[in-house]
Structures are given as structure tokens and as C-alpha cells.
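Per-chain residue numbering starts at 1, and chain names A, B, C and D are given in the order in which the chains are listed.
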Amino acid sequence: MKIGKATHVRSAICTSNEQTIVVRGHNLSNDLIGQISFPDHFHLLVTGRLPDAAASAVINATLVAIAEHGLVPSVQAARMTLAAAPEALQGAVAAGLLGAGSVVLGSSETAGRLFLRVEQEAQQHGGDMQAAAHAVVSDLRAKRLPIPGYGHPEHKERDPRVDALFEVARQAGVAPKYVDIAKTIEGVIPGVVGRELKLNVSAAIPAVLLDVGFPINAIKGVPILARTASLIAHLCEEMADPIGFALSYQATTEQEYTGTLPAGFKSE
Amino acid sequence: MKIGKATHVRSAICTSNEQTIVVRGHNLSNDLIGQISFPDHFHLLVTGRLPDAAASAVINATLVAIAEHGLVPSVQAARMTLAAAPEALQGAVAAGLLGAGSVVLGSSETAGRLFLRVEQEAQQHGGDMQAAAHAVVSDLRAKRLPIPGYGHPEHKERDPRVDALFEVARQAGVAPKYVDIAKTIEGVIPGVVGRELKLNVSAAIPAVLLDVGFPINAIKGVPILARTASLIAHLCEEMADPIGFALSYQATTEQEYTGTLPAGFKSE
Amino acid sequence: MKIGKATHVRSAICTSNEQTIVVRGHNLSNDLIGQISFPDHFHLLVTGRLPDAAASAVINATLVAIAEHGLVPSVQAARMTLAAAPEALQGAVAAGLLGAGSVVLGSSETAGRLFLRVEQEAQQHGGDMQAAAHAVVSDLRAKRLPIPGYGHPEHKERDPRVDALFEVARQAGVAPKYVDIAKTIEGVIPGVVGRELKLNVSAAIPAVLLDVGFPINAIKGVPILARTASLIAHLCEEMADPIGFALSYQATTEQEYTGTLPAGFKSE
Amino acid sequence: MKIGKATHVRSAICTSNEQTIVVRGHNLSNDLIGQISFPDHFHLLVTGRLPDAAASAVINATLVAIAEHGLVPSVQAARMTLAAAPEALQGAVAAGLLGAGSVVLGSSETAGRLFLRVEQEAQQHGGDMQAAAHAVVSDLRAKRLPIPGYGHPEHKERDPRVDALFEVARQAGVAPKYVDIAKTIEGVIPGVVGRELKLNVSAAIPAVLLDVGFPINAIKGVPILARTASLIAHLCEEMADPIGFALSYQATTEQEYTGTLPAGFKSE
């Protein structure tokens, strides 16, 4: 069935013949395997260009920062899935990644779009970034929308990963355009919201990535790729020392049934 | 509900308090972000240890080698999924990863298990690896089972990525124990099968990974992680230049309906 | 980790002891198995109430209507996934369902929300539904948004399933409140858009479901449940007569590589 | 890329032109919508035939029986996924279905294959089904394999759904060939295993389905379809009364970290 008008299949990422696999214009076997690191390859795949040293440092740092944070919901979902379906590691990884949504890991992208919006808004304010940040945050509050990338359930002070990421970018000599926007937003929040909401890791990641030219459409890919590494580690631990069903058991030890009961039914 | 006997939730991968996230015994913010590369972090997460230089080189090379091979089925599934559900990048990545199964990307793991089996079988043959390989391949053929990691639909000669991976391991000074087993198997195949089936990338990957001590249970994680990077790249291209529905249209231009038809129905 | 404030686990859907499983207040084994149909059970699970005869007829009709439409993208994704990962039927079903997104199957829900919006808008127009429909459609056009549930890539005339669904509801004696809103919208479209966009099945489904009191939040569940049945059928056919890899092959026979090439590379 | 030899795309399930959608030889709009129930449509899609009354009764009963059993792992995974990614209902359903694996819901299929194996084995025993069951169960025990469909974590006596399903089949006049095999296996287990393992719902489902001619390859589809209905209900409850993050919080309240700690780290 034809959906939409496009019928032409094309891609600029890869082609191959019997001897050679070409990835983004490079001979994969001769010029990439053993020549570049996997994060640089990720950058090449996504953007078509090899990263410079600063971009490489920043991408590695963001991937390391967001990979692991313990038995978070997506890890639990993955471990329960492997316990129930040990025949398909890929299914358990997929179940975990499906939780990389707008509320949890996806806020890296929405925070990045917030920075772009503040940057654009500043044009209405003669380049005054603080006025722009104030206007945008005020608009979000007026619409009762969250401010993506600010505040954290566990880390009330600034998330410890934030300064580490900013420091990596600083040492790599990256001009802090979006990092400054991110900090400006943090600064205006108390005046608008009435309390501090500190920059968290999901704001720091797009700030440093946008500063090295990583495309906004690909930013959500960073937590997804990072979390895949973590999910694989948890699933290997699950194979050796299973807790998938223990998690689901513990989750419901104090469960309350709020529906009606047939006559004579006794809870245990 | 209690499934199985285990009710105790434990993990050795991560813990945290309000100031500090601990990953595998290291302070994430102070000691890992900006200090180690993402592939080394992956090794740390999976094994609990930082890799040595040789292991790091090999892991990067395998991840680069297996990330991308064009519009393969899993990429097509992901791009069609994003076209239909653009609100969930994670869902499109998950749809792609679900095709990392036993037939396609999963053969890296099964090839690795084949090498371990040959290694063990050699004990029955006084350490004669060739005799062991012959016995194991013969047993697979007798049971009409495939030989995972040998032969390729496009690359009839040795897959061009194979020598690149072996060369990375050699230059890193890795003792080629499993690489030699992999080659030994390739050598005995013509005598058993009656034709050559060349070592492909799914055999080379576990060979070099096992040679640097990467655990067999985690080997399938390497193509899964690598393919995640590729899927993200294809999905970013899909956002900019969509072909998801064109793929599904092209796939069925010569479709045949083999069922019955109601009276009066005319195909178009 | 605590995310948000809620820590209390509760549900009104099911409880059990060693002898009895209670579903929505009913004894599953005594009062539901063999006593009610599966679609009625679906209604019970979702709403807490057994459906009346009209609701039962409409739910069955919508599930039958939307289950199957050939080798659509989600079916192709599922069949390719099973070909690559035959060990996990559930993974192939999941890959297919991930394409039940906002563009394709999810438009049933967005069309339903459109009807609710027109209904609410009518309060601003003294109950004049046509004026309300005109205002809402005009607003969508002004924002260059699609009109969910109207138009179809293959069926330029009214989708043949639409009248069948409306007739089921009519014969069941359902008062056509949302069906009338759906038709009213269809009627105002030419005047706003400049051409006809006929009511399609994704508008008919929420119209008849809302008319029998099915909750808006659950409407997307109807195409998801229906499509699951279809995916299972296609995957059983795939096991017996595989086309998963043929689909991916056909999809790329006329593929164009739009990137650069290394010196000396010859396409085949 | 060409994988395998097949390049021809064909299917016997559906075709369409601009006026008519044909499903398994029937005109969908004229002859199926409003004419047949959704479970009968499922049977038609899978087998190509409409079910007789007995098959229809049995399919409905099995779907009702296996749809819901409270906050089981797959439901927890789905609810956590929706909490993290509310933009994609289909992703949360998929995450739940990915847990329909070999250990949990998939045992319906493996139990069905066990019955077929006993049936075939009986040919070696002059048709003596008890001897065949004894031989097969003994073989499973010798290989330390589980006996799929027997025993249950909560219901030590026969699962209450089992007799309900058998009674539906009996009242529908179904000849109990596979039901008898299932009971025969239950009877020989104490003599082989040393304790009772009662027939559970995952054995009863394939027994009654095989007795009405439902194909073995499609049996896993029954719990998958049934569970989809339950997942949709739980996800609608999750939208109205969220517990996804409460589940993940409760699951880890007594979590133990078993790794090492950096100097100076204090747990909270």
C-alpha cells in the first residue's frame, strides 16, 4: 500500500559491493575499523562527519554520564522481561529502551529544544538572554508545563554529573553558548517559580552537545545509546544472579486492591 | 505474586546517595565522566573492571565493525516504525533491536559458544583443535544445524571486516586463542560440508572478544549496542528525509495474493 | 529511586488468593470463563462494567474492522523481525505494535479527541455543531495540522468499512451523537480545505465507540488489540511460508545511495 | 540486501482494491464487520476458516482465562514504561508483551508441544498414552528440564481456571483427546517426580485449543492476544491513577548493593 507520496528509497549512510562496505563515504574495513573509536563512529554515522577532539570528548562524557543510575524503572522492566523471556536478550533490551520516554530519559531532547527556543526568543529581546529565559520560563509556568532538565527526584543540589560535564567541555575548549543559556535558565527559575530547580544531567547533556554542534534531532539518541550499554550490563548480571521476579514480588508486597470483591472472598 | 523463590533484590552495578553516584565501585562524576571513554565504560559496566588497552582496542573495533550495513531488515523495521509513530524515537529503536535475533545479529553469540564447545571438545582429542573442530562441525552437519558465523549472503569471499578485526587484535598484542579456533573451523568446513564457508564478521567478533576476556554472556550485547548507534543515525536521516513508507510500498509492488477472492472482485 | 511523590501501589482490576482469581469484582473461573465473550471481557477489564448488547456489538465490529489490511508497514516490520529472530514470537508482535503510532493506527484516538473538541466548542456556538466543526477544522488548517480520521491513501471514496460500522451501531439502536459529529466534520471540510476528505475507518471507530460510552483513553487500545490478532496471523503464515527477508530485499531493489564514495569503489 | 534465496512476496491473508478489502476470501465490509465476533475473526485470520460453535466457545474461554492475573511482571513493566513514556501507549503495550516469553506466558505453547510429543511417543508404545507420558516426563526429568504447564507459584491445588476451561470444552461437545493427554501427564508426574505438580492454566489452554483444531504454531498467540487486552486495561488505569513509579520505588526499598564503594561514601 502506498502511504504518502514518496516511493523512492534512498539513503546517504551506507552502500556496499561484494568487497567493500562504504559508511558515510569511508571504506569501513580499511579506514574505520581499528582507526576510530566507537563514539566517533556514532558521530560519523549520525552527522556524516568525524568529530573533532572536543566533540569526541564531549560525546564520550555524556554517554558515560547517562548510562547508569541503578535499578531505575527501565532497568527493572528489562530485568523482569529477561526473567520471563530469557530466550531473547534483544527483547529485554527493547523493553528497557521503551522507557526512554518524554518523562525520563527523553528530557535531554526537550531540554535541548528549550535552549534553542530561548536562543530564538532572545532575538525579540535585543539579544538579552536573561530576558528571553525569563519570558520562556514564565510561559511554561503559565501553561503549567514542566521545565525539562531542571530539578531531580534524588539530587536536590545540582546533580553531581552536571559540573563534571561542564568541566569536560571547558577543558576541551568548547565555547559555552548553550551551557550559558542552561545556566541562565537556572538563574531565572527562582524568580519565576518561587524556588530553586537545579540544572540536572538532562539539561547538561544537550547543553554541551549543542555546543559541539551535535544535531538536536539526534540528542535523544545519546541517552538511548548510553542506556543500551547499561541495560546489557544489568541483563548480564540478571543471567548470573537473577532478581527480575524478586523485583516484581517486592513491588507488590504492600499492594492494595481497590475494587469490589465477590461474596465470601477472603484475602490472604 | 511470587514467581520462583528469590525475593531479595541486589545488584553490584550501582548505588547512590544525594551527592554521589557509584558505578562499579567508582565515583561516576569524579572518576569516570571525562576520564574514560564510553566503550571502556561499557566494559566496566559489564565486567566490573576497566579494560586494558588491548581489550579497549578490540571492543571499539568490534562495535565499529558491526554497527552499520545499510538498509538491513532491522533498519527497515525501525524506519517504518518511526514513519508511523514519530512521537517515540525509542519505539523505533526498539523495533529495530527486536530483529537482533538468532538468525541475524545474534549469531555472534552462537559463534562464540561454538568456539567454547570446540575448545572443550579438544580435551577429548588430546588437545588437537583440528580434530575437535572436525568433530563439532560434523556433529552440526549430521543434525542439519547451521554453522554460526560462517558464510555470508553478500560476501562470498571472506567478509572484508574479518581481517580488519584480526589485524586490530594482532596489533594490540592479543594472543589469538579463539581467533585460531575460528580459523581452524573455517579450515575443516570444506572437508565436512563439501564447499567453503568463509569466516564472517559474526565469527570474527566473538573470536577477538573472547581473546580479550570479554564474557560470553555479554557478546550478544556488542552487536546490540553497535546497532543501536546505527539505528539512531538512520532514524535521524528518516526525520530529515523520510523513506519509511517508501520502503513498505516498494516491498509489495510485486506482491501476490495467494488466497481466494469473493465473486466479482477485480484486482487493480 | 523515588520518582514523583506516589509510593502506594494499588489497582482496582484484579486480586487473588490460592483458590480464587477476582477480576473487576467477578470470580474469574466461576463467572467469566465460558460465560462471557473475550470482547466483553475486554470491556469489563477496561471499564469495570460488562457491556450492554449494543456496546458489545459495536466493540466487536470495530475490532473486526481494523484488524487486517494486508502487508501494511507494521505487518512488514513484524514479519522481518520474526525472520531475523524466530525464537521470540512476542518480539515480532511487539515490533509490529510499535508502529501503531500517531500517524497510522493512533489516529483513531486523535479523531476521537477531535470529536470531543467539536462537542465542547459547540457550547461557544449555542450548540450549533456545524459552526463548531467549521471553527475547529479551520483552526487545524490555520495551524497546518492534519484532520485525523479524514482521507485515506487507497480509498478516495468513503472507506468501505465506515458505512459498515455506522450500520452496526444503527442496528444496535445506538444514538448517533458522535457519528453525527463525525459526519458534520466531513461536511464542512470541503468548504474549509477546498476538497473532499472522506471519513475513514479511523474516524468511524471512535465515533461509534464514544456513542456506546467507551472511554476516550482506551480508544487507541481498540486498534492495538485488533492489530495484535492480525499480527499473530501474519506471523503464523511467516512460520509456514516465510517472506520476511523477501520483503526487505524487494524494498531496496531500486535503492539509491546518495552519499559520497571512496576512490575506486564500483557499485554492482 | 538479499538474505536467503526467497525474493517473492506473497500472502494468503488479505488483498484490496479501492472499493473492497478482502480478508481470507471474504468481503470485510459486507460479510465480516457486524457479522462475526472478534474472536471468530481471529480464528479466521489465523486458520483461514471460520470456527464452528465449539471452537468459538473454546477460543473465547481461553482468551478470557489468561487475560488478567493482577500486577504480574509484564503488567509492571508496561505500567513503568507508560509512566516514563506517556506519549506512546503502543510502546508500553509492547514492553509488556515482551515478557510473554518461554518462562511465563509462552509455556502454553511448550505445553502444547509436550502433548504432541506424548501423542507421537504413544506410537512407540502401542498407543498406550500412559506409558508414553511416563517415558516423556522421565526424559524431561533426566535432562533436568521443566515440565511446561504443570505446577504454579500461587495455586498449589489445580489452578481454578483449569476445570473451568475443561468444562467449557465438555459442554461444547469437544472430544477430549489432548485434555486426556494433559490429565494423563498430570497422573504420571508423582511417580516420576516424587510430588504432585498440578495441571495449570498454561496446560489447559493448549489442551482445549488443540482439541478444537487450533494450530500449534498459533497457540502462543492466544496468551499474547489475551494479555494485550489486559495491558490496555492496566494502562488506562495507569493514566487515571498512576502507580508506575510507585512500583519501581517499592521494588527497591530493601535493595542491597553488593559491589565495592569508594572511600568515604556513606549510604543513606
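Definition applied: a residue touches a chain if its C-beta (ideal position, glycine included) is under 8 Å from a C-beta of that chain, and two chains touch if they have at least 3 such contacts.
As the structure is a prediction and not an experimental result, all values here were calculated from the model.
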Worksheet item: Shared touching chains for chain A and chain D?
Response: B, C
Discussion item. Validating interface symmetry: for the copies chain A and chain B, is the fraction of residue numbers used by both over half? Same or different.
Written reply: same
Response to the item:
Of all chains, the one whose CA centroid lies most distant from that of chain D is A
Fill in: B-C or C-D, whichever has more C-beta pairs in contact
C-D
Discussion item. Could you work out how far the Cα centre of chain A sits from that of chain C, in whole Å?
Written reply: 29
Discussion item. Using Cα averages as centroids, what's the distance between chain C and chain D in whole Å?
Written reply: 23
Discussion item. Centroid from C-alpha atoms only, then distance chain B to chain C, rounded to Å. What do you get?
Written reply: 34
Worksheet item: Considering chain D alone, which of its residues make contact with at least two other chains?
Response: 1-4, 8-16, 18, 20, 69-73, 83, 85, 87-88, 90-91, 94-95, 98-101, 104-106, 154, 245, 247-248, 250-252, 254-255
Worksheet item: For chain C, which residues are in contact with chain A within the complex?
Response: 1-4, 8-15, 17-18, 20, 22, 24-27, 31, 48, 69-73, 85, 87-88, 90-91, 94, 104, 153-154, 251-252, 254-262, 265-268
Discussion item. Quick check on the complex: what are the chain A residues that touch chain B?
Written reply: 1-4, 6-16, 18-21, 23, 28-30, 32-34, 36-39, 41-42, 45-46, 57, 59-61, 63-65, 67-71, 83, 88-91, 93-95, 97-101, 105-106, 154-157, 160-161, 163-165, 167-168, 171, 215, 217-218, 220-221, 224-226, 228-230, 232-237, 239-243, 245-250, 252
Worksheet, complete the sentence: Residue positions on chain B within touch of chain C in the complex are 16, 70-74, 76-77, 80-81, 83-88, 91-92, 94-95, 98-106, 244-245, 247-248, 250-255
